[in-house]
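Below you'll find the structure, written out as structure tokens, and then a few comments.
Chain nomenclature is as follows: A, B, C and D, assigned in order of appearance, with residue numbering initiated at 1 for each chain independently.
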Amino acid sequence: MAPHAELDSGTAYGVGQTPVSASKEDVFVVDSPNVTYTDREIRSKYTYRTTSVVRGADGKYVATPKETLYDFKVDRRIPKTGMMLVGWGGNNGTTVTAGIIANRRGLVWETREGPRAANYYGSVLMGSTMKLGTDAQTMQDVNIPFHDVLPIVHPNDLVIGGWDISRMDLAAAMDRAAVLEPTLKAQVKKEMSQMVPLPSIYYPDFIAANQEDRADNLIPGDKACLAHVEKIRQDIRDFKTQNNLDKVIVQWTANTERYADILPGVNDTAENLLKAIENGHEEVSPSTVFAVACILENAPFINGSPQNTFVPGAIDLASKHNAFIGGDDFKDNSAPRRFPSQNVVDDMVEANTVLYEKGEHPDHTVVIKYMPAVGDNKRALDEYYAEIFLGGHQTISIFNVCEDSLLASPLIIDLVLVTEIMTRIQWRAHTDDEFKGFHSVLSILSYMLKAPLTPPGTPVINALAKQRAALTNILRACVGLEPESDMTLEHKLF
Amino acid sequence: MAPHAELDSGTAYGVGQTPVSASKEDVFVVDSPNVTYTDREIRSKYTYRTTSVVRGADGKYVATPKETLYDFKVDRRIPKTGMMLVGWGGNNGTTVTAGIIANRRGLVWETREGPRAANYYGSVLMGSTMKLGTDAQTMQDVNIPFHDVLPIVHPNDLVIGGWDISRMDLAAAMDRAAVLEPTLKAQVKKEMSQMVPLPSIYYPDFIAANQEDRADNLIPGDKACLAHVEKIRQDIRDFKTQNNLDKVIVQWTANTERYADILPGVNDTAENLLKAIENGHEEVSPSTVFAVACILENAPFINGSPQNTFVPGAIDLASKHNAFIGGDDFKDNSAPRRFPSQNVVDDMVEANTVLYEKGEHPDHTVVIKYMPAVGDNKRALDEYYAEIFLGGHQTISIFNVCEDSLLASPLIIDLVLVTEIMTRIQWRAHTDDEFKGFHSVLSILSYMLKAPLTPPGTPVINALAKQRAALTNILRACVGLEPESDMTLEHKLF
Amino acid sequence: MAPHAELDSGTAYGVGQTPVSASKEDVFVVDSPNVTYTDREIRSKYTYRTTSVVRGADGKYVATPKETLYDFKVDRRIPKTGMMLVGWGGNNGTTVTAGIIANRRGLVWETREGPRAANYYGSVLMGSTMKLGTDAQTMQDVNIPFHDVLPIVHPNDLVIGGWDISRMDLAAAMDRAAVLEPTLKAQVKKEMSQMVPLPSIYYPDFIAANQEDRADNLIPGDKACLAHVEKIRQDIRDFKTQNNLDKVIVQWTANTERYADILPGVNDTAENLLKAIENGHEEVSPSTVFAVACILENAPFINGSPQNTFVPGAIDLASKHNAFIGGDDFKDNSAPRRFPSQNVVDDMVEANTVLYEKGEHPDHTVVIKYMPAVGDNKRALDEYYAEIFLGGHQTISIFNVCEDSLLASPLIIDLVLVTEIMTRIQWRAHTDDEFKGFHSVLSILSYMLKAPLTPPGTPVINALAKQRAALTNILRACVGLEPESDMTLEHKLF
Amino acid sequence: MAPHAELDSGTAYGVGQTPVSASKEDVFVVDSPNVTYTDREIRSKYTYRTTSVVRGADGKYVATPKETLYDFKVDRRIPKTGMMLVGWGGNNGTTVTAGIIANRRGLVWETREGPRAANYYGSVLMGSTMKLGTDAQTMQDVNIPFHDVLPIVHPNDLVIGGWDISRMDLAAAMDRAAVLEPTLKAQVKKEMSQMVPLPSIYYPDFIAANQEDRADNLIPGDKACLAHVEKIRQDIRDFKTQNNLDKVIVQWTANTERYADILPGVNDTAENLLKAIENGHEEVSPSTVFAVACILENAPFINGSPQNTFVPGAIDLASKHNAFIGGDDFKDNSAPRRFPSQNVVDDMVEANTVLYEKGEHPDHTVVIKYMPAVGDNKRALDEYYAEIFLGGHQTISIFNVCEDSLLASPLIIDLVLVTEIMTRIQWRAHTDDEFKGFHSVLSILSYMLKAPLTPPGTPVINALAKQRAALTNILRACVGLEPESDMTLEHKLF
């Protein structure tokens, strides 16, 4: 495929790459009776260990170790994958697009501080590592990039497209975003000027009024309707066909909507939600319409904003269609990844039965304001004030300054890559016959999201260390590696 | 024992409690063929899992899962334990003493913000929890205080004593420290005014000049000598006898000394170090003399300051005597526990082969200044400045304000409690005959220390999550519980 | 007068001092034909210099120096003065009361950092100095406390009383405020426990709902009415009589009210406002009722909260009665005194015709939240982000932490002291016959207030340096001293 | 003059402009008997008012108002002025050069946040205003740019040249500085690449070792000598001739040197200093050699670094030659202009006889570290911790981030412009016959400098408000305007 030719033909709205090889070279192999490699698959056995606790009549706990044996299999063939963004012309959409182009072409540009080269800094999969094991000779940790644990799509190979309520081309939209260096923009400008978002949907009641002036690229209709769902589904199919894709993953990177009311009979079940759309009910948001279209089209859909796109009816629908959904809200600057956000504090409080009474919560408040002067260069000011030993106090005050879209863009890529590999993993309890996929609600994406969506009835895990462990361990499980015992000091203890 | 009577007799230098029961009630029991409980012991079997990695000629790694079976046994009888502090009359020594008295008596005092009650906030063992397992019915995490995992000494039961170069009584020294509320001090004043530190040793070359005026309580001699070692050993024995103790643990909580030069023939081996002390060599520091005395007396010795107390000869000596040592440097305010200190950054850099070249290090500088005006109310100002996606930057600036001694005191308690329980744990490879104790160098204490001491030739682990996991998992191992698989989102994934 | 006896009699609601001497000793005298001292007065002549600017048809300015000669006279006799606070039982009311008692008695109390003695730190008049002139011999500046420039009431001599919607005595209210050290509180507790606020007025519509539970000490009626005005006037007269006072000054130190709507026919003129009160109109706030009562009673009234107590009708009424009013909003922590608040920024922008277009304003936002956890220990987090030379940026981030009431209390004292001396200064243009007092609206109080009230039609001056200069120069004018030429480097220039 | 032609000829080291008009149009005229305008001069009379204070035997002060009448005259003809920088190739030198070129050409360039145009933001003279007077009709303040008060050189008209120990051309040096946007640099690159610094002098003992590699552009000799002085004098004369200049002003913008020891017989008098140079004495620094050359050449010399360039012998020499000198240390980021630096705190403490005992000083410490990672993007972290009312505390913590050279460059321009105008002002006491110039040591420059140099025996004024008043009032005096009475609230008071 010659993307530029396509673009020149005036019909394309995306940009892609020559076909990628069916699989990539493994960085390592596991030597274990629990793992089998074939050309098309990795198969593994994995023992899952937990402790089951029962509280007796005497108030004492009885803790019983449990083991369950699972089988995993991973399709090793890397598919040609498209990423479609809702709000493609926004700060996040233009930044991630320019970033992928810059990486694909190996661009270098001048900055105030000297030349900089394209990179994927900030991406968990591309820019950070996990421990594979211990070097048999040096006894040092061996760390490998997350991206090398399984055969995962390379972001350079993603074909990008999307929708926006503004028909501004991506080059102009990138200027408007004021995120990237002009010296970088100059090099991607031509390619991006040929990218124009598909018309999107705009229900004024859900969107901040300041978006109205931009809204010149709309599918007709200002309420949810079947025609909107059908048009979006058709867009996905067209994008797939025109770019010869195996798979498309869709993300909401557009503005935050207002929350939708949860109404019985309207958005509480899959059936009611579809009916509500058919009837043009006013309480169905644009993001929910996109989610429904993707679910019906079996394209995984991820929500990067905080609103409740996934009303109960949408989750129900995804579940019924075995379609993957994930959300909510990118972990960008307003809740820095390294420091405890309110959610993480909640988890710590919940876990600490010594310091906090049941139901007790720290006093807290969060304020978010839009300051035009700083543009995308967001600042977060956090203060933690705690009572310590013997009535003393500790005050920790944090200023965090950075370009929001530069934090969000690598996460957008991670969400696509993790979601994609999750579509190629199957599992079963060893005693079962049938392999199956993961739950529709991809809670594995929690590490990149502020308010992780979880299957109905299951708790949210906010602690970063646990979120990271879950991601690490699921990847390890697929290659038959149990978690390290983590008594990391063993060679010193013994 | 009637401590006040003793104190009134004018001979005591410590204060204790009536004898404690031989064991405490278990909060839970483990129901597993791998665990056996007797009156005196808990015995467990524990499978330790790692991944051994070999790099082949083709550059590819081969990763092989490994399992080793260990046996553990824990003495369930809680001993009567003494804690002796070097620098007892300093800010840390007076604060931890007053804190334990306040807890023992259940004191309540007025503060600006209202009444406050004695507590152990900030202690890992007393004030935080670990996950025991998952409730069989609610599927919620069951968390229990660290202190309840094994039969561990309660800090209220510690008998406290120590040395100081000043003969100021503990009540006056507490006033000098300016750490605690006057309303709390008033209630512990009488008891503390009867506590007078034992004479200590003072080698001017090792100590800041501003300590000279305080130095009115000295064992004669201004260089290391056998007499100093002998006097300290005698002090420990006397303390043990007078207070009817099973065990004494000693901590250096005094001022930071200058670093000692490592000199061949002087402090490089156990033998040379003992000779150097005999000869009054000038390069032996007071803290090393205390360490040597404790090792010879088989009293565990912990160094809470940054200097190199544990010269190679001292480590060698501890190893030969199977005596426990641990250090260095309390994790108090100058490297806040929740945020990455330089060491932690080093670990992250070491692990990340994508972002950093081998041997590449972030540009950093650390400045510590003593500001009389703020007293113990230390402030740490940290800034992290990083390049992110596409040449952008993130700046995180942190102000941390709190009373240093209120952070350090709970750690002093934790160090004693963890060290003590480590003396009661034995282990062996399942294939071995003999049980044995842990390595002399207690790297398990890393979680409470800034610059963890490790056995010669083994790497330092600085990452907080790993340090915590090591502590958690060793405690769990003793009751036959393997680490949770940590795929914490399992019930959502499947 | 024996205040304690009075208090013991159970009838008093205030506390005072033995009568003060009629005048205090001068710290300096001015030797100039422009100044005359008598026993009862200081009289001075003062030349006021300005530059009058006219813009010509050619766009050029013509600047003409102007001089006006004024006469001033100051009554040297210091009156016995009462300070009545609305919201006496609040954080500010209890803190300023305890502070004055502590100073009066010369109290010393223990704190965490050692003993502290009563002081007036933070008071402009008591704790800061102004330049009197240059020492004739050393050529060094001679600085004297503001309080010594004119014969000003000493705060220790103020008799304190007031109203509150809660009948909690002042000692209990001081505990509730959680501002002062318990060791200080213990010493003033007995005296303050005998102080009980007079019943106040409570119109729920104007006050935060969280005050309702406290409201157990009310003059009947939940809307403005003449009876309320009359009762308050009677309270002032009683306070004056019972304490044998020459003068009473009233301050609103109670909670912030909601803003009142400015309604034609209701609160736009003095006449309408009085009628509205007579008719029980709902748009008259408690603070306006207090203001009206004070104006009619000729007791100066100062508003320390941000609401618009001084509706046009109230200003009109004050003007007609030649009664002094001042406001609004104490300069405490939410706009630190040393750093530019938004108002000050506005002034700078207004003055800078190079950097800002007419009507252009920096992008700004202010958020104030109540955090129960920190109590009175307020924190302000400010960030200034500016474009500098050649498109660069400067970011200044400020954390400011302190006890709000400890900042406000000295200002409350300053406001009373400055207001009182203003009642004793008379002036005239030298060509006039009659002396007169200052304008009813005391804009001279601006230095202590965040949102200075000014006479109708006159601009607000927010720049601290100018506010301070105004206060300094008016005091100097009364003793016949013109402003220093301020070419402070003169002896170096020439 | 055609600067590029000159540059192409290979002989030029500076860049200039076509000759400027002899005078610029006045923005205003003063209508007063005290002012006379002629084509060549403005003449004014100015009454200077102070208060002389004498302390009597009874401890009381007697304050006597004083007036002195001065005459001023200003040469209205704006000269063609050259600015020569020592360390021209450094961050400050390249930034100010690029900035002036950008302004001269009216350049616009792209940045991350959109296009930016050349400006003089940060310059006191070009970017800020002073109050001229009050509009006769609106009674609003009339503010005019400082630059418009007198006929002052426009920075666009400065001809720039200088010395550097590196022969790197200015374009390459600008890249090395990493201060400016690449899009701006691209537009000035050609012009700056033709600018090459004159060889400078390098005495290794005075300069940080990291400069050695750069030192490839040296006048031979590594100690002070007459040949160095002569060469620098010749450079100044050549620059003047080649660029047809009326006047040259020289600034030290190079690296900070170590302090020179003050040695009797070496650098204590003018005579000794000249002899020391002749003898090649090792304690004469490069910056002092430059200062001596400039003084002898009668070119004003300003020192923008903190070292003691102006040893007593240098000040003596300047005084004897009536040559202007000024310093030390640009007010850039390490002491932000808006917030109190240590010096300012010292002044406040000195002035406040209530809070501080004579000789008492706040506890303070200052640490400055060079962090390569942030380059010119300096950060200052300040904390102020103060005791307030009744033993409370206030903590103010400030983070200040910005490009140092972007702060310093406008100050470099201000220093030249103010120095230049000072060479055209003459004054006399009205009773004297002869006009004369200002003192050799230009303390009027204090507003732009951190550690203002003052004539021997006169105090330093650090308070920003006073420094600004001095600058304002001297400019006003030249046009016959006395200071405003500053009772800024007058129309409200009366």
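We take it that a residue touches a chain if its C-beta (ideal position, glycine included) is under 8 Å from a C-beta of that chain, and two chains touch if they have at least 3 such contacts.
This is a predicted model, so every value here is computed, not measured.
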When contact pairs are matched by residue number, over half of those of A-B recur among C-D, A-C or A-D in C-D
When C-D and B-D are ranked by contacting C-beta pairs, first comes C-D
Per the C-alpha means, the centres of subunit B and subunit D lie apart by a whole-Å value of 56
Separation of the C-alpha centres, subunit C versus subunit D, in whole Å, is 41
Listed in rising order, subunit A residues that touch 2 or more other chains are 109, 111, 113, 179-181, 395, 397, 399, 401
Counting only contacts in the complex, subunit B reaches subunit A at residues 26-32, 34, 48-55, 60-65, 95, 98-99, 102, 109, 111, 113, 116, 118-123, 126-129, 131-137, 139-145, 179-181, 184, 336, 338-340, 351-355, 387-403, 406-407, 409-410, 427, 438-439, 441, 443-444, 446, 454-455, 458-459, 461, 465-467, 469-470, 473-474, 477, 479-494
Given the complex, residues on subunit D that touch subunit A span 109-114, 175, 178-183, 185, 375, 397, 399
Touching subunit A in the complex, subunit C uses residues 362-363, 365, 367, 369, 371-374, 379, 381, 383, 385, 395, 397, 399, 401
